[in-house]
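Common to both upcoming complexes is chain A, partnered first by chain B, then by chain C.
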Partner chain A sequence: MDQSTLPLQIDSYLDRLKQRFNESPDLIQKVFHIKGQEVVIHFISYQIKKDRLERELLEPLTKSEKPWSVHDLQNKIPLASSQTVSSIEKIAELIIHGNVVVYFPGEKEAVAFLLPQQQVRALERAETESLVFGPQIAFTESLVTNLNIIRWRLDVDDLVVEKLIVGERIKSEIRIVYLKSIANDENVDTMRQRIKDLKVAEVEDTSVLGQLIEDSSSSIFPQLINTELPDRFCNSISKGRVGVLVDKSPTALIGPMTLFSFFESTEDLYMRWNMGTFIRLLRFIAMAFSIILTPMYVAALTYHYEIIPTSLLVSLGQSRAMVPFPPVLEALLLEMLIELLREAGARLPTKVGQTMGIVGGIVLGQAAVKAGFTSNILIIIIALSALASFTAPSYLMGTAIRIIRFPMIILAGAWGLIGIMFALSFIVIHLLKQKSLGRPYLAPIYPFQWKDINDSLIRLPFQKNNARPLNVMPKDTERHDPNKAAEKKDVDPS
Partner chain B sequence: MNTNLIIKPDKTVEAFYLFFIVHTLQIGAGLMGVPRVIFIESGTDSWIAILLAGIYLHFVAWIMILILRKYDNADIIGIQCDVFGRWLGKTMGIVYVIYFFFILLSVIKNYIEVVQVFIFPEIPVWLMSGFLLSLMIYALLGGFRVVVGTSFIFFLLTIWIVITISKPITYMDWDHFTPIFQTGTLDQLKGAYKTAYSVLGLEILFFVYPYIKNKQKVALPVHAGLAFTTFLILLVTVVSIGYFSPEQLKQTVWATLSLFKIISYPIVERFDFIAIALWMMVIIPNIVLFGWALIQSLKRLFQLPEKSSLYVVAILLFLASILIEYRVHINQLTDWTSSLGFWLVFVYPVILYPIVLIRKRFRKENTP
Partner chain C sequence: MTWKQIFIVVVLISISTGCIPKSYIERLGIITAIGYDLAGENSLRGTMVMYQFDPSTTRPSQVVTSEATTSKGLRLEANKMTSHRLVSGQVRLKLFQDQLASRGMTKYMDTLERDAKVSDMGLLGVSEVPTADLLKMEASKEATNSGEYIKKMIEKNIEDNVLPDATLRTFIHDYYDAGIDPTLPMLTTTDGKAVISGQALFQNDKYVTKLSSQDIFYLLLLKNEYKDGQFQLQLPDEALKEFHKETPGSSAEGPLHVSLHEIDSDLTIDPKKGKPTEQSVNVTIEARLLEITKDVDLKNKKAIYKLEKEIEKKVKSDLEQFLEFLKENQVDPIGFGKIYNAKNRENRVTKENWRQQIPELNVSFDVKMKLLRHGTVE
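Our next item is the complex of A and B:
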């Protein structure tokens, strides 16, 4: 007979479970004798709520007048979640997940009651994608909490939450979230298929899942957005995108995305439209600056003195007179310094990080100029472009932009403006080739969608921009009737 | 070989993009030097020569669309084989392939020379052609949609240069246009003929037509693209004639680029450096689209796999661009491609159309 399926006698049942848990001291087993009947209870002490165990399970169990049967156990114990199991493996799995398993030796089935105790942190403010105003809460590590927030924000029965399990060794629970009447079926199918096809031992985090299912893993540009903001997540879902949540991860994944959506912040929506548009455009300009400024400096100073205006050339020459290095080396040195500051600041505890910023930024920068390591002007340029790269609302995109600068500086140092143009052309063609869940990455510029410009490059008033992004091919493209929304009915002054 | 192509819907593009395909392909290496070339032939009345060329351009486009509409979803390779039979048709296809190869070579060589003359005397030729060809390969590996996207995006990224021409306009001397109507008809036609090199690219319509989603709307974007090209050539020529003195213009090889020398901004002293570097983005759609047409023709003619023929063509172009060393040879190459292009693009469709008509009628009578 198979040794791991019930029914088993009491001794072999206890042995098997002990072996299953490698004789772990955490597995607690209790044998009760109730009205001449043997009852075995197993649980892990720190995975369950002990007070509930005593009050809601042990008390009724021990105070019964007649012997228990499996059927009675399921029906008469006032606990909502119970199930029957009949194999040792399944019993072990349930115990790990916070169940209390009750078994009457010799029976065909054991009963598991779910009494879990999870360590969760309270809802906190968003840290990496902070907003000045607008909703402040962020996702937490608990999938249940996150789903709770999403259900609360999108309280319609149209919301579909699909459950998938990924990971061959360590299983992770994954939820695909979308609105049934809006999200394009093809997008949902693509997302589901890619997650289902994964053959990996484990999925550590949402960002890892994102990298596993992205269209192109060789590209530096992220193709799916990782966000910790429930409002951003829900806003994307309501526009017809597909979201993914992974248990134990404080971020969510959204797709399909475009390059421009990485520069959108939900704050643009909360602000008045003209402010939102201005700030959004500012970010695009900042990105362009961030990529081009330092390479241009290097190219101009190495090869093309002619393009620098005479008045500027004098002060540039003066500040560079002491510098012994070629511009490429100078720029790479300083860029590296900024990256070091950023990385050290990210690793250090917050309190020390503050000091380090001052020491690194101000003291080192001043000293570098005084010592004749770099020119003043380059420090300004590098600081500006570093600042510009931090304006990207998506941390991954900001990092991508900062990293792109390094090959561009080297190309500019080697072949001047031609090197820069080559790099820029390469980036543009590269972006043209990218896709997100099979949808074009550079939309709404290419393929050109006039209606999508309203809420991607700029942001028009809500009355005017009533279309959901056509790039994600929503089933329902209109959010509201633009004419109705614009109507202003004053109270009749009669 | 099938006359008509079967294209999957996810590979087709809207007719709207034809404007950019046709226009970006026409504007390229030619525009850099076109004012002088026309001026030498037609003198002060060059603008008439350009307008003549422009009108003829529209006529050819009209004929081309008429030819294409006789078939369901055919490109020129299929049409030629249908009209002339297998062998002659394939030979004509090879003529196209050779033409594409040489025009690619001449575009690359011309641009490299401009870069060497204006901003970077010591930049090696192999490096420049390596840059351009690697971008071509990279874009072509992405398929037809990326090719169209390249022409569209690079158009948007470079079209603003036109605005900077407002500065030289203020220095124009209108006396350079007098006396008016003094050039003979022959010289006018010669000037129009010389415009040919800078307006080559219309033939792409013969190749992309099967890939267009809404074929009934083809005419408008094509004609708009042609009109815009004509306008740009007219603009730079008129400004060049007004800006340079006649003797000076005859000696300025790249008059358009020399116009940029005067432009300066508070942050950029010499705009021509930026403009010429940026011209790479004007050149890339040229190379990518011609390269696509070349690879596409090879595939249609000999069923060659796209990837391997792409690599072989790129290597051949690379070697050829290194081997041609002297300005004289580049000029010769440009002249050859220019005249080959003239016959192939501007004369051939006009001859082809009656033949297609006769062939179709002949066939109709034979197959009741």
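Our next item is the complex of A and C:
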């Protein structure tokens, strides 16, 4: 007979559980003698709610008039979640997850009551994707809380929440969220299959899961969006995308995505359409600036003095005359400096971080120019492109844009404008090859989809903008009737 | 992309870096303006205005003069006089002494045209004085050097419709076209300042004569349509005698000058079929009367009508005079021949036969003048 399955006598039962928990002092065991019957209770003190244990379980248990049976235990104790178990492994697992296990020695089954206590933080404002205008709430580390928020925002029975468990050693609970009547089955299947096929020891976070299941992990462009904003998540779901939540992670994953959706913010929707469009276009221009500006400076000053506007020539030349390095080195140095500042600012405690910002930004910048280390025009250019790279609503995309600059500067230093064109062509070809959950990454530009431009490059008024993004192939492409939405019936004064 | 491919790319980048010559701007003497003068029978003297950047100097602009037999040789010679490598990629102004220009400009133009580093939008000019005098002059306050000043001056006047286009592109275009001659602005010095003194007229690439600055208006009137020009002209003293106001102390004496603004002109040139020398020109001018030197009753419709007619008469006679001047010098800056070619298939005008036909040119002018506004009176 297997040594780890019930029934067991009291001594061997206690021994085995103790061994299972490596003699841990956290495992609490109690043996009660009620009306001549031995009752063994196991739990981990900090995993359960003790007051509820005492009030709802121990009190009825000890005050009983007659001996208990497994059947009575399940039916007469007023706790919603209880189950019977018959193996030591399962008992141990349940104890870890916040159960109280009651066992009558000699019986075939033990009963586990779920009384979990989890340390969760309250809902807070979004930090990395903060909005000026619109919902401020952010996801938390608790899956239950996150699902609660999502159910609250998308309160339809059409919402499907599938449960998956991933991780060979440490198991993570994963939920796939989508709207059944809208989301494309192929997208859902792809997402589900990729998660199911994972053979990893553990999944630390949503972003880790994103890296594990994305289409091309060698690309520097992220292919799935990580967001901490429930409104962004729910907006994407309602447009037919598929979302993934991982327990213990404060971000959610959305796919399939296009390059342009990384530059969309839900704030564009909350703003009126003309301002939304303006801000969205501003971000694209900022991105282009951020990538091109510094390499252009390097190329113009190293090879192509002809393209410098005559009016700029004098000030550019005079500030360059002080600098002892070639422009490539100068630009790389300063770009490194900015990256250092950013990294230091992110790592340092908030109070020191502010001081560092002043020291780095103002003192270092000023001194570098005075000392003839860099030209002041380059400082302007670098600051501008650094600023521009932070306009990306997706933190991952902003980082990708900042990293692209380095090879581009080196190429500009090696080949001038030819190098820049080479790099740009390379990036475009690379982007054309990318996919997100098997859907084209550069849509709606390629494959060209006129209707999708309305809500990707620009944002049209909601009345006009009635189509769901076609590149995710939603089952239902129309959100509403554009003519009915534009109707405005005023009440006649009578 | 495999590691092998990445390796190849990295190797290619590092090897081919050496292929392109580097030109760091702080090591260059960037020429922005060049003047060519005739130094001897076969030699040129070049004056180069350039920027060179040193950490110590506050004035980055310098002027170098050198002598050589070819235009590129000038730069080689001048290289011996500076610590910076001289380059011509930022040349925006090229001036030619009139003596040099009258020998033909093609040989200098040719190198400008073929050198990809030289901008096609650079300006050209002809100078009555040695260009060295113009370019070495003390710069005015608003420009860093004299070359910059002259460039801005010509640019501004082209924009204001006071001068015809003077870019290298236009010059070369006109030079290679049959039935049209190029023109360039003419410069001189007055009181130590560079000024535009007129327009240089060319026979093909050879400078022939100078058009006075008064007559540039007529050249422009026939060359293209005015959008927002201005001009003043002198009418016969007694032309508006009957409309003079009888107020005491008003200036009835002296010449009658009229100043026109916001000139908007329409131009049609019609060559007679098969006869390039027979052309008729229709000019319609609309303008605002800005100033009139005599006290004329402008509220009177008849006075305005009379004034319009007088201006028409004056413009027409001036245009005829201007045409005589062109015929005398055998130049066609307006491009009567080119217009004929554009509208006719037979009896084509060529570069060779047009020169002989210019003196036989017979153009009938029809001028229409309309004064749109004359401002409020009283």
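By definition in this document, the second predicted complex is superposed on the first by the 494 of 494 C-alpha atoms of A that agree within 3 Å, B and C clash if a C-alpha of one lies under 4 Å from a C-alpha of the other, contacts with A are read in each partner's own complex, and residues count from 1 in each chain.
Just so it is clear, contacts are C-beta pairs under 8 Å (C-beta built on N, C-alpha and C of every residue); 3 or more make two chains touch, one makes a residue touch a chain.
Just so it is clear, the structure is predicted and the values come from calculations on it, not from any experiment.
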### Message
Looking at A:302, would you say it contacts chain B, chain C, both, or neither? Reply first, second, both or neither.
### Response
second
Notebook entry, point to check: Touch check for A:444: first (chain B), second (chain C), both, or neither?
Noted result: neither
Next on the checklist: Once chain A of both complexes is superposed, is A:323 in touch with chain B (first), chain C (second), both, or neither?
Outcome noted: second
>> A:393 in the overlay: touching chain B, chain C, both, or neither? Say first, second, both or neither.
In response: neither
Review point. Is A:474 in contact with chain B, with chain C, with both, or with neither (first, second, both, neither)?
Key: neither
Using the touch definition from the top, say if A:276 reaches chain B (first), chain C (second), both or neither.
neither
Is A:230 touching the first partner chain B, the second partner chain C, both, or neither of them?
-> neither
Report for A:314: first if it touches chain B alone, second if chain C alone, otherwise both or neither. second
A:255 contacts which: chain B (first), chain C (second), both, neither? neither
So the chain A residues that chain B and chain C both touch are 303, 306, 308, 310, 415-416, 418
Listed in rising order, chain C residues that touch chain A in their complex are 1, 13-14, 16-17, 20, 22-26, 28, 30, 32, 51, 53-55, 60-61, 87, 89-90, 92, 117, 119, 144, 148
So, in the complex, the side of chain A touching chain B is made of residues 303-304, 306-310, 312, 415-418, 420-422, 424-426, 428-430, 432-433, 442, 445-448
Within their complex, chain A touches chain C through residues 218, 301-303, 305-306, 308, 310, 313-314, 316-318, 320-323, 326-327, 372, 410-411, 414-416, 418
Interface with chain A, chain B side, in the complex: residues 13-14, 16, 115, 119-120, 123, 127-128, 131, 135, 138-139, 141-142, 146, 149-150, 152-154, 156-157, 264, 266-271, 273-274, 277-278, 280-281, 284
